[in-house]
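Heads up, the next two complexes both have subunit A, just with different partners, subunit B and then subunit C.
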Partner chain A sequence: MNATALLLTVAGTIGMALFGLFAGLWFTGIDRVLAARMQARIGPPVRQPFIDLSKLLVKQNVVPANAIPWLFNGAPLLALASAITILLYIPMAALPGLPVLGLQGDLVLIMYLLLIPGLAMVAGGLASGSPYATIGAQREMVTMIAYELPLASTVIAFAWKLAQMNVANPFSLSTLAATPIWTLVGPVGFMGLLLLLATMILVVPGELGRIPFDAPEAETEIAGGLLVEYSGRNFALFSLSLAVKTIVVTSLLVALFFPWNLTDFVAISCCPYLASAANAAFFLLKLFVVLFFSVTLVRISVARFRITQVVDVYWKVLGALSIVGLLLVMVDAYVR
Partner chain B sequence: MKTIEVKKPSGYATQIGPAHPALKEPVMFSLDIEGERIKKVDFVPGMAHRGVEWMGMRRNCIQTMYLAERICGICGITHSISFSRAVEQIAQIQVPVRAHYIRSIVGELERIHSHLLWAGVAAHELGFDSAFYLAWRVRENVMDLLEYLTGNRVHYAIIQIGGVRRDIVPDQFPRIEESMKFFEDAYAKLAAVFLDDTTVQMRCRGCGVLTYDEARELCPVGPTARASGIKKDVRIDHAYAAYGDIELEYQTPDLLTGEVRGDVYDRIITRLLEVKQSIGIVRQLLAMLPDGPLLAIPKPAVLLAKLKGAAGEAVGRHEAPRGEVMHYVRLEAGKDEPAAWKVKASSYSNYLSWIPMMEGEQIADIPIIAASIDPCISCTDRVALVRPDSRQILTKEELHRLSVEKTRRIQASLVK
Partner chain C sequence: MKLSQTLGKSLWAFLFNSGSCNGCEIESVACVTPRYDLERFGIKVVGSPRHADLLLISGPVTRKMAPRLKRVYEQMPEPKIVVCIGTCGTSGGAFYDSYTLVGPVDQVVPVDMYVPGCPPRPEAIIDGVVKVLARLEAKENAAS
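On to the complex of A and B.
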C-alpha cells in the first residue's frame, strides 16, 4: 500500500467516524422526538443527544472502588472503536471511495465485528463490580446468543442464493451492493425474503438494546444494568458507541435488502457531485425509514420482555421465521 | 427476647431498594437469587415514618382531620372520611344524607384517579411507556373534575366532621356527566391497551400469583384480595356513607374472564373493572342526590365545644382505592385533641402478600409484582428502624411488658 492510499484510508476513516457519530446522534434525537409525538408528548429538541453528550463530558467520571479500573475504563473505548470499524466495511451510497475498507471485508467479518461492542459492554459491566451490572452482563450475553440465530440464517440465505447464482465472492458486501437480492428470486423466494426482512427488522432492536429487548439495561428492574456504574466521560463514550451502532445496524439492513441508489431510478447526469449528494441523501432516507420501523415504532408499542422471553422470541419465533424464509429462498431456486 | 440469626444465603444475595427506580417510595427487598430466579425474599419497611399520629394527638380534632388527609398524597379523602367517621360515632353526630352522598361521589372519583395513576405506574414498570402516558393523560380529566367540584386537585379538604364543606349543585351535573362519558370511552381504550396487548399478557399472566388460600391466610384487602377471588369490600360488607342506598357487586376478575387466577393480570382486570363500577356509582348517586343541609353542626366553634365534651372510642373504616383503611380514635372529655389515634393504611394488610407472590418468579418480575398491590409506603410506616441489621421478634407478652415498663417510667417522671 503506497503512501497516498494510506493517507486516503486514514482520511476516510476519520470521515466515516465523524459521519457515524453525528448521524447516529441526530437519528437518536429524531427517534426520541417521533416516539414522543406518537405518545402525544412534545418531546425534547432534536439536538438533545448532543446536549446530553456535552453535559456528560463535563461531569465527573466515577470509577467504583471495587471495579477493575483498566477494564472499566477500556471497555467504552473498545465499544466505540469497534462500532466505528464496522462502518468502514459496510457499503453505503454509491459514493467514490466507499466503503473505506470495502475490498477486504465480507459478511462473516461483519457478524463477528458486530459482537464486539456488545462484548465490550459485558466486560465493562462485569468489571464494574455491581450486582445489577453483573445481572445486566449475563442478560446481554444471553441476548447476543439469542439474536445470532435469526441473523445468521438471514446471512446464510443471502450467501447461498448468490453462490447458487454462481456469483464470485458470495459473502462479499460489494457483490451484495451490486446485485439486489430481490431481482434474483421468483415469487416463492420473494415471500422468503419478506420473512427474512421481517426477522431482521426485529433483530435490530435486539442489537441496539432497545425495548422490548432491553432486558440487559432494564431501567425499572436493574436500574440501568450494564451501565449502572458508568458516568461522565465513560458513559458518554458508551452512548456514542450506541449512536454509531445504530447507524451500523441500520446500514447493514439497508445494504442487505435495499442496496439501490437514487441514480438507479433517476438519471442525474448534469454533474457527478449532485448525483453523489442525491445518493447520500437517499441513503440517509433509507436509514431513517429502517430506524423508524424497527426501533421507534417497536419500542413505543410493546412492553419489555423478560430475558427468558427474549430467548423464546428470538429462537422459537424469529428463528423459525428466518429458517422458513431461508427454505423458501432455496425452494424457489428449484421450482423456477 | 429472641434474636434471629441472619443466615448467609446459598445462591447470591442482592437487594432492591430502599432507593431504586422500581420503587416509588422507600422499602427494601432482600433477595436470595439463583440465576434469574428468586429463591427467597424478605422486605424491610420503616424508612418513611413521619410520626403523623403523634402530631395529630397534639391538635384539636378539626385540625387533625386535615392532617389525616395528608397521610396519603393519592387517596386524599380516604383518611379524612375514616377519621371523621370515627369521631362522629364518638360524639354521636348525625351526618346529613346529602353530605353522605357527596362524600361517596368524591370517594368514587378518587378511586378512578387512583386506579389510573396505578395503571400508569404499572405500565412504566413493564417498560410500556406509551400506556403510561395514555393512563396519566386520561387521569388529568378526573383531576380537573375534582378541582372543579372541590377546589383542589389532590387534597380536596371537602370533608368536615359532621358533613361536607362544599355542595354539588345541579349546574355542575353536565360537567360531571361529560367526564363520565369521557371515562367510558377511556375505559374501552385502556382495556384494549392493558388487557388485549400480547406483551402485557406475556408479562402479567401467571406472574405473581396469590392463590385464594394464601389470600385467606394473609388477609389482604381491596383489589389485591378481590383479584384472588375473595369477596371483600367495606362498601358492601359494612355499608357507610351513601353506599347502602345502591346495589354494588364485588369486582372480581371472573366477571370479565370467567375465572380467578390471582396473578398480576387479574389485579389489572380488577382495577379496570372498578373504574367502570365507579363511573356507574357516580351516575347513580348524582341521580338520587337528596336535598338537605351539608353539615350537622355548621359552626366550627360549636363543633369543637361538642367534641371537647365527647368521650369514648370508635373505629372509622373506608374502602380506599387500595382496600380497607381503618382509623381508631379515642376521645376524652375536656380535651381538644384525640387521646389516641391509630391509623391502619390499606397497604399494611397487603404487604405480606408480596412474599408468596415473588418467590419463584424472575428478577424481571419484581417491579410489576411490587407495584401490583399498589403499595403506599409512607402511609403505612408506623416505626422508624434505628438498627435495621439486628432483627428481633417480640411476642405479645413482651410487648405488654415493655409498655407496662414505659408507663411506670412516665408515671415516675410525672410524680417528680
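On to the complex of A and C.
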C-alpha cells in the first residue's frame, strides 16, 4: 500500500467514525421522539442524545473500589473502536471510496466483529465487580448465542444462493452490493427471502440490546445490568458505541436486503456530485425505515422478554423461521 | 460550558424509597406518564445511582434504610442534586416521633429542596426540580 492510499484510508476512517457517531446519535434522538409520539407524549428534543452526552462528559467518572481498573476503563474504548471498525467494511451508498476497507473482509468477518462490542461490554461488566453486572454479563452472553443462529442461517442462505449462481466471492460484501438477492430467485425463493427479512428485522433489536431483548440491561430488575457501575466518561463511551452499532447493524440489513441506489431507478447524469448526494440521502432514508420498523415500532409494541424467553424466541421461533427460509431458497433453485 | 446548562436539559433521576407508604412513588412515577411527560425536558428515570444526577427521596428514613440511603448517595457521581418528596421525609409527617425512624431525610444526607405534601402532586414535584435547577444556576452565576 503506497503513501497516498494509506492517507486516504486514514482520512476515510476518521470520516466514517464521525459519520457513525453523528448519524447514530441523531437516529437515537429520532427514535426517542417517535417513540414518545406513539405513546401520545411530546418527547425530548431530537438533539437530546447530544445533550446527554455532553452532560455525561462533565460528570465524575467513578471507578468502583473492587473493580479491575484497566479492564473497567479499557472496555468502553474497545467497544467504540470495534463498532467503528465494522463500519469500515459495510457497503453503503455508491459513493466513491466507500466502503473504506471494501476490498478486504466478508460477511463472516463482520459476523465475528459484531461480537466484539458485546464482548467488551461483558468484560467491562465482569470487571466492575458488581453482582448486578455479573448477572447482566451472563444474560448478554446468552443473548449473543441466541441471536447467532438466525443470523448465521440468513448469511448461509445468501452465500449459498450466490455460490449456486456461480458468482465469484459469494461471501464478499461488494458482490452482495452489486447483485441484489431478490433478482436471483423465483417466487418460492422470494417467500424464503421474506422469511429471512422478517428474521433479520427481529435480530436487530437483539444485537442492539433494545426492548424486547434488553434482558442484559433490564433496569427495573437488575438496575442497568452490565452498565450498572459505569458513570461519566466511560458511560458516555458505551452510549456512543451503541449509537455507532445502531448504524452498523441497520446498514448491514440494508446491504443484505436493499442494496439498491437511487441512481439505479432515476438517472441523474448531469453532475456526479448531485448523484452522490442523492445516493447518500437515499441510503439514510433506507436506514431510517429499517430503524423505524425494527427498533422503534418493536420496542413500543411489546414488553421485555425474560432471558429464557429470549432464547426460546431466537432458537425455536426465529431459528425455525430462518431455516425454513433457507430451505425455500434452496428448493427454489431446483424448481425453476 | 456551564454545568447547569447541560444538567438542566438532561437530568437523570433515581427514585429512592426510604420507607415511604408508596403514595409519593405513585406521584413521582406519574411525572413520566404521557400527561406530565418529563422526558420533554430531558429528564428520565434511571435504574442505577451511578447514572443519576438527581436523587428523589421519599419516605421518613427508617432504621434499616438509613445506611442504604447513605451508600446510594455516596455512589452517585458528582455533581448531584437531592430532592426530598413528601411531608414525611421533610419532618416525619404521619410517622413523626416513631421509634423506627432515624430520619427525617436531612439527618442522613444533605437535601437541596423539600417538596411538601402527603403526597405532593406531580406538578409540585416538577416545580421542586425546576426550583433546585434555578438555584444551581444562581449559585454558579454568583461564583463566576
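In this text, the second predicted complex is superposed on the first by the 336 of 336 C-alpha atoms of A that agree within 3 Å, B and C clash if a C-alpha of one lies under 4 Å from a C-alpha of the other, contacts with A are read in each partner's own complex, and residues count from 1 in each chain.
Note that a residue touches a chain if its C-beta (ideal position, glycine included) is under 8 Å from a C-beta of that chain, and two chains touch if they have at least 3 such contacts.
All of these numbers come straight from a predicted model, not from anything done at the bench.
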Just subunit B (first), just subunit C (second), both, or neither: which does A:Ile211 touch? first
Does subunit B (first) or subunit C (second) touch A:Asn61, or do both, or does neither? second
Applying the touch criterion given at the start, work out whether A:Gly12 contacts subunit B, subunit C, both or neither, answering first, second, both or neither. neither
Contacts of A:Met38 with subunit B and subunit C, given as first, second, both or neither: first
Would you sort A:Gln48 into first (subunit B), second (subunit C), both or neither based on which partner it touches? second
First, second, both or neither for A:Gly129, with subunit B first and subunit C second: neither
Would you sort A:Gly74 into first (subunit B), second (subunit C), both or neither based on which partner it touches? neither
Touching partner for A:Tyr230 - first (subunit B), second (subunit C), both, neither: second
Which of subunit B and subunit C A:Ser301 touches, first, second, both or neither: first
Intersection of the subunit A residues that touch subunit B with those that touch subunit C: 39-41, 132, 219-220, 222-223
Quick one: in the complex, what on subunit C touches subunit A? 1, 3, 6-7, 9-10, 34, 37, 39-42, 46-48, 50-51, 53, 75, 77-79
Complex contacts: residues of subunit A adjacent to subunit B: 38-41, 131-132, 135, 211-212, 214-215, 218-223, 300-309
In the complex, subunit B residues that touch subunit A: 12, 14, 20-22, 36, 123-131, 133-134, 137, 197-200, 202-203, 362-367
In the complex with subunit C, residue positions of subunit A that touch it: 32, 36, 39-45, 48, 51-52, 54-55, 58-62, 132, 219-220, 222-224, 227-232, 235
